[in-house]
Amino acid sequence: MKTDENTGPGATAAPVVSLEQAHLSYGPVLALRGATLSISAGECVGLVGHNGAGKSTLANVINGRLTQTQGAVHHRNADPALRNSQNAQNAGIRSVFQELSLCPNLTVLENLRIPYRNMPRKGWRRVARQKMLDALDLVFPGHGIHARATVGNLTIAERQMVEIAIAFADRDREPSLVILDEPTSSLDAAIAQQLLDHIKRFCAKGGAVLFISHMMGEIFEVSTRIIVMKDGQIVDDQPASQFTRASIVDAMGHVAPDEDTSGAGRADRTLGAEVVRAANGLNARAGEIVGLAGLAGHGQAEALAQIYFDHAPKWKSARQPEVVFVAGDRARDGIMPLWSILRNLSLTTLSEFSRKVMVDRSSEADMVQTWKDRIGIRTDNLLNPILSLSGGNQQKVLFARALASSAPIVVMDDPMRGVDVGTKKDVYQMIQAEASQDRSFLWYSTETDEILECDRVFVFRAGQIAAELVGDEITEENILNASFQMQEA
Amino acid sequence: MTSDRLRLLLPVLSLAVLLGAVFYLQPRAMSYFGLNLLFNLAIPVALATVAQMMIIMVNDIDLSIGTFVSFCACVTATFVHDTPLLGYGILSAAVLAYAALGALIQLRGLPAIVVTLGMSFVWGGLAVLILPSPGGASPEWLKTLMNFKTPLVPIAVIAPLVVAFAVHLLIKRSWVGVVLQGVGGNERAMERAGWSVVRLRASAYGLAGLFGVLAGMCLVGLTTAADANIALRYTLLSIAGVILGGGEFVGGRVSPFGAVIGALTLTLAASFLSFLRLSPDWQIGAQGAILILVLAVRLFFVRKEVSA
Amino acid sequence: MSDQTTPDTGHNPLRAFVQKPWLWAYLAAGITFVATSLLAGSGAGSLLYAALTFASFSAIVGIGQMLVITLGPGNIDLSVPATMTLAATLALKFMDTQTALILPGLLVAIGIGIGCGIVNFALILILRIPPIIATLSASFLYQSLAIWSNRGLRIKPPEPLAEFASGGTLGVPNVALVGIALAVCAWLLLERAIAGRWISAIGQNLRAARLSGVPVNAVRFGIYVNSAVCAALAGFLLASFSGGANLNMGTEYMLMSIAVVVIGGSSIGGGNSNVPGIWGAALFMFLIVSMLNSYGLGAGIRLILTGLVIVGVVTLASRKGYSA
């Protein structure tokens, strides 16, 4: 499948960057395996793949923010004495990521000063203003952004435009490769088109772009070559003309469809009355498993958090809470890092099993032991710190924390990150079993096979519900169709 | 831009309202001598507030600025007066110590609030060692400078504004100020762009030390003597001044003019209350009330801005 | 301070004991105690008695402050000294040296503490003022109230109350008994009560605590009120002990309340508090001053060394992966 030869060293001048069998692992997790590619001047490389396929990891290895654990990364004119990130900067590699790297307290022109380290010191404001406006005019003609405006006061789209313009701006070194990670996510169609036009011009003049996007139309419009990633690997790398939309979706992969379990319990249950309805139309009935699908970061997590906060009191502790939450972003939303497994597991149910002010420690131990066996937490001592567990087992603790309560509604925010296949199946069964006892689940997942478990699915796009699928309509194809903006050329 | 103007407008308005009230109550204050009296201690307070602003700019808080200014005042009233060379040497070392603290805080990821709290003991101890009982004398040139008769408007009003302007040039106009503010705005972005945050934080603390030294010297020039507790109140006054002047605790949002005007407002608030013939008992409390009031008004504005 | 996160698994009790962070505060206190009593020549017994007496005021305010700091970065109560002064002044004025009014006087002090705590938290919650500046500006108000009501007079406490505060039971100062009782309550709260779990959870991760059903506002409210009540109680006892309230009586306790928390081994990052350490640190802070005194060192050196100890402790504690 690989066609590195086309673009390998020697095809053109020295490539801007090339990777040879680059691996990157976080502990036992392989985020990138055996990536081999090179990007030369004049190329616009489109990079596609599901969430978690390793696109951002690859981009971060290319720009030197992450260092490969195996293999090699060569930047043009690299000095082996310097660090990767330094070499990437010297080679003129610049990146625009979704998390903004602007300083909101500074003005637009001052923000150019941050990456432009050796700007002439005399009259730098004039220089910065000119270069900033030149760059904005070049990429987004008619942008209407003032160079003296404070970034914090700009709209998100304007900030994104500033960030992109800074990446293309003329500094001490010419940009040779610009990495754009979902650059159009907060831009409207007309401005996105300006960006695409600029990318084409930039590449025609000998620049290179790595363009990461979920928008198929954009990928096809600008790319000369498309790289498809799946499970941390590059699975396809060919000139854009060799692909069709269907072949890309195909290469990105159906995520292990498992006909044995998917939708197994769906038909058996009778659903009760509606128990949740949010302002955006999201709703669930008693005993129903409702899926929230769509691409990551399209408003599903916010919708779930809103439902939780609407139902959970800030002042009172309910002995029988109405709703419980299973976090997916464990570090941000779930884990108490200083605590033991036991304390982490019992947090939500403390006032349920203790009748008085004090923690009933023997019921606590019983309850935790029961759940340890039931959900299979692999540890020999529940008093060990939570962080001694693997990610998957930490996740099980969070599941148990929520499921142990009697709350009729369970909200799950992509809770299967880093969980192995066997555990996933156990959890699916547990969810089905709980649902048949009239518990409702609101389940946001980025993985299709989990969404296929649901009775009803809301597909989110750009913060809104793009489609509601029921029963047999819940297919991967329908979900993809609703979540990708399939612009027809 | 509008919100930045709004931020500055609020302290200016508070100052104007207070000043108007003072003139209404005591028309005689509307004179050269009266203004001088009203803003008597404004210069050192403004300098100390600027020092605090440097620290708040990089998302930290300095609980030791009051004792540090006292220490500097003691050094000025003794060493600088008696053996100038040694005196200036000590003051320079103090600035370097401040910079080193900034580096230490960044390198080890320490909570600035606790480190500066500890340092407040150290500066206080040094001050007591140097000047166990009130005394010392101001260097002659400093006394002359502080009592310089400027035409039309007294120096107590002009000097803080000059300080504000100079700091504005340094922080808001020069590239150094931009990268220092960048640390408060987005530390990670600074690191990624290859800046040494350790060096930048050390610079911000060094600047704070410098302005603390200046505050101590000016204070001695005005009072012509020093004691180890002379400026303890400055810690709280300076934090309040920065916040009153539109600064935020996080995000590197500070305004030099705002901070200085905030300091002037707090100085004036004390004078105003004495003009009111309100018993001096209420002076501190009124300062607290003014602070709460301004923050409440600001919250009201910010909310409006968000909903608009 | 990550040691404390490793619960003792029972495999090696000795090691687990050595890893207790509060041990160091007691060790330091012990060493300074020996050094002082050897040098001072005065009896070790009277030194211990004095240490227990003076440390108890620091410990009481320290317990309140510790719970606030446990709530996580940014949480701190700077109104401690003003609350102490205000509560002491008003309570003593109310009692007006009448023995019959001792108990109501205590209630007045506690009521003032509750009031200050409510004001503090209202500023934090409703006006969304950062806790540092909220407690600071509120403390200005309390201070003025105290000045206004005190008017420079030194009102004496009722005789029996003064006797109680300076006296002892079975060789232990009464104020120390109060301090120890409070420490035991705080320990029970943190280690055994549901609310203690909630406090620690909020300090570790406020968002995750909310998402786990912790009533965050109620807990934070309780903690700020508690801190003010501790300060009020300490002020009440201190004024009774020292023969009257004066306006500067609280001054040193702002720094002291934070210092004992830090030296006592609680994490400044929140979530992890250490009750026994408070007493160790409070004893240490008093003993180091008396040690330096007995070495004939002046106030200056004492302050400098105290400061360096605080900075040193924080720097050493950070080595084990502390992150702000």
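Per-chain numbering from 1; labels A, B and C assigned in written order.
Keep in mind that, in the parts below, a contact is a pair of C-beta atoms (placed from the backbone, for glycine too) under 8 Å apart; a residue touches a chain by one contact, two chains touch by 3 or more.
Note that the structure is predicted; figures quoted are calculated from it, not measured.
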Greatest separation from chain B - chain, by CA centre: A
Dominant chain pairing [most C-beta pairs in contact]: B-C
Distance from the mean Cα position of chain C to that of chain A, given in whole angstrom: 45
Length of the line joining the C-alpha centres of chain B and chain C, rounded to whole Å: 30
Multi-partner residues of chain A (at least 2 other chains): none
Per-residue multi-chain contacts in chain C, two or more chains: none
Residue list for chain B, restricted to those that touch at least two other chains: none
Chain A residues touching chain B - in the complex, by the definition given at the top: 65, 85-86, 89, 101-106, 110, 113-115, 117, 119, 121, 124-125, 146, 148-150, 152-153
In the complex with chain A, residue positions of chain C that touch it: 4-7, 9, 188, 192-195, 197-198, 200-201, 204-205, 207-218, 267, 271-272
Chain A residues within the chain C interface of the complex: 305, 308-309, 312-318, 321, 324-325, 327, 332-340, 343, 347-348, 350-351, 354, 357-359, 361, 381, 383-385, 401, 405
In the complex, chain C residues that touch chain B: 73, 76, 123, 127-130, 132-133, 136-145, 147-148, 151, 255, 258-259, 262, 268-269, 298-311, 314-315, 318-319, 322-324
Residues of chain B touching chain A in the complex: 1-4, 173, 175, 178-179, 181-182, 184-186, 188-190, 192-195, 251-253
